[in-house]
Amino acid sequence: MAETNKDHLVQSDDPDHPANLIPRLCKQFYSLGWVTGTGGGTSIRMDEHVYIAPSGVQKELIKPSDMFVLSYPTPKYPPSARQYIRKPHELKPSACTPLFLAAFERGAGCCIHSHSQWCVLVTLLVEKMHGKDACFEISNIEQIKGIPKGPGKGMLGFHDTLRVPIIENTPFEEDLTESLEKAMEQYPDTYAVLVRRHGIYVWGETVAKAKTQCESLDYLFQLAVEMHRLGLPWTI
Amino acid sequence: MAETNKDHLVQSDDPDHPANLIPRLCKQFYSLGWVTGTGGGTSIRMDEHVYIAPSGVQKELIKPSDMFVLSYPTPKYPPSARQYIRKPHELKPSACTPLFLAAFERGAGCCIHSHSQWCVLVTLLVEKMHGKDACFEISNIEQIKGIPKGPGKGMLGFHDTLRVPIIENTPFEEDLTESLEKAMEQYPDTYAVLVRRHGIYVWGETVAKAKTQCESLDYLFQLAVEMHRLGLPWTI
Amino acid sequence: MAETNKDHLVQSDDPDHPANLIPRLCKQFYSLGWVTGTGGGTSIRMDEHVYIAPSGVQKELIKPSDMFVLSYPTPKYPPSARQYIRKPHELKPSACTPLFLAAFERGAGCCIHSHSQWCVLVTLLVEKMHGKDACFEISNIEQIKGIPKGPGKGMLGFHDTLRVPIIENTPFEEDLTESLEKAMEQYPDTYAVLVRRHGIYVWGETVAKAKTQCESLDYLFQLAVEMHRLGLPWTI
Amino acid sequence: MAETNKDHLVQSDDPDHPANLIPRLCKQFYSLGWVTGTGGGTSIRMDEHVYIAPSGVQKELIKPSDMFVLSYPTPKYPPSARQYIRKPHELKPSACTPLFLAAFERGAGCCIHSHSQWCVLVTLLVEKMHGKDACFEISNIEQIKGIPKGPGKGMLGFHDTLRVPIIENTPFEEDLTESLEKAMEQYPDTYAVLVRRHGIYVWGETVAKAKTQCESLDYLFQLAVEMHRLGLPWTI
């Protein structure tokens, strides 16, 4: 594979090109506490290419040239058609790749993986209160309106109950794929899946949607933890 | 409507022109956690024009050209005189518009809508402790002096009790208008109205006053939540 | 008074000149939550001049030209020798001025007034636990070593007990002067005085010392609140 | 000693040269709350030189010219071979120096000393729950995977238990050396040692590893404090 020939894929004057946007987003996510200590990651699909931040690096320092690029002819293609067409030397591809692809298969244009502590705490509180099979539920908070009701269904209303499924963590990140896909099937309207003791995967049709949905969810998880401390229930 | 002809309304070399100031303020409010995930908003009145940030966008990325402009001949005009004279393509006007106008009718020059979690938590704690009809009350904290006693009455003193009314949230933001105006009538000295499970509307005669009053209120709400956790009463 | 003639007092190419340094410090203090909503303030003495940030303005936006300058021939002069020699139009002098001067009389080169919530909470917790006459006490925390033992006595040691006196707040800030000076006499080794339900005054021989001592104190107050929540005592 | 002749040691156009990198890291650590009020510090070894930030200065303002440089021919040399070859005038060498050297003796390329409050709180909670001889332990949290299992052993797994030894603080920082080295012997796989009521020393083979491991540990300590507050155990 002549990797050097593929550098044009990550060179663009457009500040919103995925190769420029992923570094900027990762820097912002770092300051939000989502990608501390090389954790977390981000991926954007543009046409027949998927851009992915590398694994095990300081996310606030990523450069366009660090980007992995995967061929992605179109959703619903056989997975065998997916292969790296650009692999930076000395960098490892993200173990989140199959999880990001699961989101792209559902029509996503961007997928964010956050290690935010509010996600971890919420998965622990749900387990403690309702057991391992329960999902996170909250209602009657304005910020819920920042989350879609489901594909093509508009946004959730104030009185609606937001539900986010929770899957168990596995020793190897790629082994989450099966349970993530199962959760996607069980909750066909969700744009996010929490991973117990780990974090969250959030996706959206566009970068802006994925990012703002991830922000709204993080806001709701933080609020839920504070509410729990103050003896206030999450649903009414 | 020849919208393109109205671009001069949002083009100015003055960094404090509303079209330049709203983007700068929104960026600052984003870092304060007030407009996470497209939530919240800001509006400034300058002479016969009202400038409003659009709905559903990343508030930290707003540009002058994204601004909506409403004709606003003068307060106390029939509401029918208000109409959009600049509407950016592909952007939605803010659902907060009638609420911002209610503040301008009271002589405000700027109105800020924040989704700060401290606002949401305070409305829940007041309801839990004193019921749905109670307002938020705090006294004997220095920062209270950052809030006016009422129009033309100077600032609150250290021993005064700050009261902020709380209205119930509604599924559609524009439906808050009636109860917001009722709270304004019931509390003629207030420069802010909390919305339960949602956030707050804060206004002031100038941008600086609206912003610093919103900061002082946010400080007091955060302090109140921390005091509650530590078993310290809000009034003495 | 020909105020315009005094502009040279606030014009300097030296980034560490008080007229340039106070705006930079205030911006940093804003991001630390010490001067929210026009609260707090800062003053620096250089030779026979005292520079003071104005009252009632957004502290993160202060410019060199906003600075008040007071003649200050030398410490121990009759207070009548102190007078404003530069007063910016349309700005109000800080009500903290007599309190800053009290610190300069004790040989300070800089005095910082912070409204940090950790200060307010600590004054309330001390009152609740030990009554109105008690001071704040903490020991056996490394950060204590960032606070001087007293003028000319070196820094506190790890096993020493840091004591910070607390005075009661008054409706008008200038009325704090008498009790502040009394606390300075009672605690001749202190470089800081807490004001109940209000904040703190911290001073130092240099700007760097005042600032880093204020940071160390704020760190210790925050830690003390967290320790209290976790049932951990402040002294052993 | 002709100190001025050694200025070339701290002059480089490479932004990742230790003399440029330490100031940048210290600024970042300041914003993370690790080096408040002149606390904490950082040191990098490059070939036969060790670069150390000075003591008692504002860490966010350090310049390359402030750097101390120590000759460090190679690990396992007699300690007598270590001596300052560059000492900036008017600055004091860091009292952490022997502690940094202890890490370099174990093959580290960078050592970070943080005063993060989460470290302090965790050492107090461990003492309260398990006594003075216990170490910090946490398991089944994804972020654990950001910490190595030990030299040449790869990273910890999700189900592994992370153990960080805790040593008692001493009045003088250099007196920690003996107990730090003892903890290093007792826990040959650790890359970090907590100091009760003080902070932490974290090291790594490279700057990136030391920094991201320090971030992961800080994340875990903060999470542990929050978990404790919510009644959630650290290990399962």
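Things to note:
Going by the order they are written in, the chains are A, B, C and D; count residues from 1 in each one.
Note that in this section a residue touches a chain if its C-beta (ideal position, glycine included) is under 8 Å from a C-beta of that chain, and two chains touch if they have at least 3 such contacts.
The structure presented is a predicted model; accordingly, all values stated were derived computationally and were not measured.
Path length between subunit A and subunit C in the touching-chain graph (shortest route): 2. At the subunit C-subunit D interface, residue numbers used by both copies make up under half of all numbers present, so the two copies contact each other through mostly different positions. Centre to centre, using the average C-alpha position, subunit A and subunit B are separated by 32 Å. Across the assembly, subunit B contributes 229 as residues in contact with two or more other chains.
Shown here, the protein chains touch around one cycle, each chain meeting exactly two partners.
By the contact rule set out at the top, the touching chain pairs are A-B, A-D, B-C, C-D.
Across the complex, subunit C meets subunit D through its residues 140-143, 146, 157-159, 208, 211-216, 218-219, 222-223, 226-227, 229-232.
The touching residues of subunit C, when paired with subunit B in their complex, are 36-39, 57-58, 115, 117, 120-121, 124-125, 128, 169-171, 195, 197-199, 225, 228-229.
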